[in-house]
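Questions regarding the structure given below will be posed in turn.
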């Protein structure tokens, strides 16, 4: 189907300023858009790019209309509407490729309709695969795993026995679901492995980034609720619980039995200690350490931004003697009080103390 | 075989309080145990769960006996004894699956008895595989690798040429052993690759978590001693040495030629700089940076826990001016001393200074 | 060919001190070299090892000649010259293995001369593979990917559709190129996926470490310029730009649309926030957080080295009250000024203030 600005506005139920008949055949950024591209403006940082864009049509908030040199679709959430439009031009879902002849599927596995299974993938016994599921090449799905309808495993993904994955999920290459948690009991100076007998249970519409690992529970299950979005290279330890619609950026590590609420956002590189609770609607800034419970809602941080090394060192060295600095301040206070008594002038009380 | 509380006590050589004939057929957590499950109590945090458990039998320390509503096995280390018991109900080791017809094995490779090799695994020339080794699907073992008896490579694991893996090890999916270290020589403004000619040598009973990477040495070898436990997503650089029975949590990065002693524990997300020595029995808390030698035994830390962002910012900003704060304190001390001399009262010496 | 010290000196165009006819047949470290090995001295840390070495010949700077007990090749950059020599004894490039019969190659893919493709690799439609490319076993290359001549993909690597890789690159196992970026638009309390339509474009002579992930751009491309060296377990988010000849150590996370200049070095475990610019020749020390633009050239840091936990806690606790400490200092200053006025002695001005 050929799209015009007018047809797009109608399809997306939004208001069009400009030429109804303007042809639109692809999407692009403001900077790189050509004369038949749809583009969008994310925020004020991009107002210059808007002024100079060669796009055919731009999705913007009403307040930017005066800066827009071309046709505009007026919306409240440009990012959201643009991503809906983008799927019209670049549909994500591929038609089913069917079962590749080199895929090895245990006879006891059950496949729904329109399932794709890629080359050199291996499906174990009693695996259940829902309608429209796409399993890419080089995936290994162990026995008794269940995968809900329309879920996509892109490639080279491992899912261990008994794990459950909901519908409409998207898992990226290198994801490992259900490997053993890191559980050992002390036996003198040595470590004895504790069998990891729980599962990983993943809800619906969960996205999991490349090379992210989610360990199975020790006895109970590791749980990722519906709508959770996990970026690349995240480590989720055994018995972690992540609440619905929380989003976690890359390189985050979550230790065993940590519980994260709903609608939380965790910045990149954050470390979350084990056996703690982060309540709903908590936001943690990148590279922070969560070492205790966080009572939401709110924003929490413990990260330090880089300075020129010379300055940083002067500060870092003193940080290592902060308690001495405090003692010195206490000492000075005493000396001053003595002088004040001697001079017969009681010092004004320090509001910041006691 | 059907287990009863009495048979379990006998098998594990522990004391039973309660009904000898109580049937036990599985293991579960205190919270989720049913009337024929064995459970255990890890520590005081779980005393309420103990009070309410529906388990058939619980493994506990003697001091908790009064809180236990059901039969109890009395031990000094419940975690250890429970994990021994768990293997009676859920044996980890699978019977040998034999060699899958799609496994590609070089004719010069040598396999011991009862070896399993999974679908689409590739075994290179002159590889030596011990008795009872299990290599899962999708593994790639390059030439001249040696794998000791009863070691298990779960799936999708890569082991590069000449690396040695001991017996009774367990490697999880996505592990990469023996890739090139990060070695480059400056050549003007460019980098010239330094050939990485060492190996990775892994001892016995080593466990390596999902997506962990261990680089081969540059000239000498990277060495992981027996009994070491590595969690997921750990990076071990070239020529690192990790001593026996040390345990390292997820997302740790260890730079080149660092040497870690025996029985150390390294918390999650820790960074360890290169060319340093951590002695035996050192413990580093999560998200710390080890930038110099650590003389064990002891606990070391440099991590900062997250605060509400407003408070944190007030502190982080001042941290960037700590040296000025110290100068100000010095200045105040001078002013006080002048006042003291003027008033003819020498100040008491500050114990915390000089 | 058999090498002697004399032939080596001639081949490398360097000065030899010692026996021309000394046989050299391999390379080794100073500590482990045998009587026919070539070795080298990286820096003064190794002077004792030089004194005691049993190597046949050592590559050193002139200033160490007096400490060298054996024949010596005198150079300005021993690391560089040694790595050139090492390739004479341990050539990295293997002869072409050709196309393995189990490799699945789409008929529309184009292969150059002397291409190797390993067992169970899958090459998609319209893929272009240059002369001398080596694709190891278990790799998955999706449609419309282009790989330049003499580039090597070791094993188990995933490259998604439309990504471009230059010539003479080296990618290690578990690398994921071109997976979706982490892009979601808020839709009430939920997240709606934003299609990731850009590519990853990688220049020439780029090395990428094991399990490193580089996400495709959202609309525009993610770009890695020529000569960049990436260590293991690095996360490069969508629309990141890394300038030529920059080197990035393991476990670094780079957030979306960050731009890193040329010839930068980024230490291990560093976190780089999104939408910022790091200029050319910037160096960031390990475990630092880059939260804003860094104007090069220079060295930047925000990392804190571990202390014994007792000391650290005393400091960390006070850090959480730093603003109160500053208020107290201000208060003391007032009190002192009052005393000074009373005593009729104006305090000397504090150079460090105002």
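Letters are used for the chains, namely A, B and C, taken in the order the chains are written, and counting of residues starts over at 1 for each.
Methods note: a contact is a pair of C-beta atoms (placed from the backbone, for glycine too) under 8 Å apart; a residue touches a chain by one contact, two chains touch by 3 or more.
Model, not experiment: these values are computed from the prediction.
Of all residue numbers that take part in the contact between chain A and chain B, under half occur on both sides, making this a different-residue interface.
Chains compared, chain A against chain C: the Cα-based superposition rotates one onto the other by 120 degrees, nearest 5.
Averaging Cα coordinates per chain places chain A and chain B 25 Å apart. Chain A has residues 120, 138, 156, 174, 211, 233, 251, 303-305, 307, 319, 322, 325, 329, 332, 336, 339, 343 in contact with two or more other chains.
Residues of chain A that touch chain B in their complex: 104, 120, 122, 138, 140, 156, 158, 160, 174, 176, 179-180, 182, 184-187, 189-195, 197, 211, 213, 215, 219-220, 233, 235, 237, 251, 253, 255, 271, 273, 275, 284-285, 288-292, 294, 298-305, 307, 311, 314-315, 318-319, 322, 324-325, 327-329, 331-332, 334-336, 338-339, 342-343. Contact residues of chain C toward chain B in the complex are 27-29, 31-32, 45, 77, 79-80, 82-84, 86-87, 90, 92, 102, 118-120, 136-138, 154-156, 170, 172-174, 207, 209-211, 227, 229, 231-233, 245, 247, 249-251, 263, 268-269, 286-287, 303-309, 312-313, 316, 319-323, 325-326, 329, 332-333, 336, 339-340, 343, 345, 347-348, 350-353.
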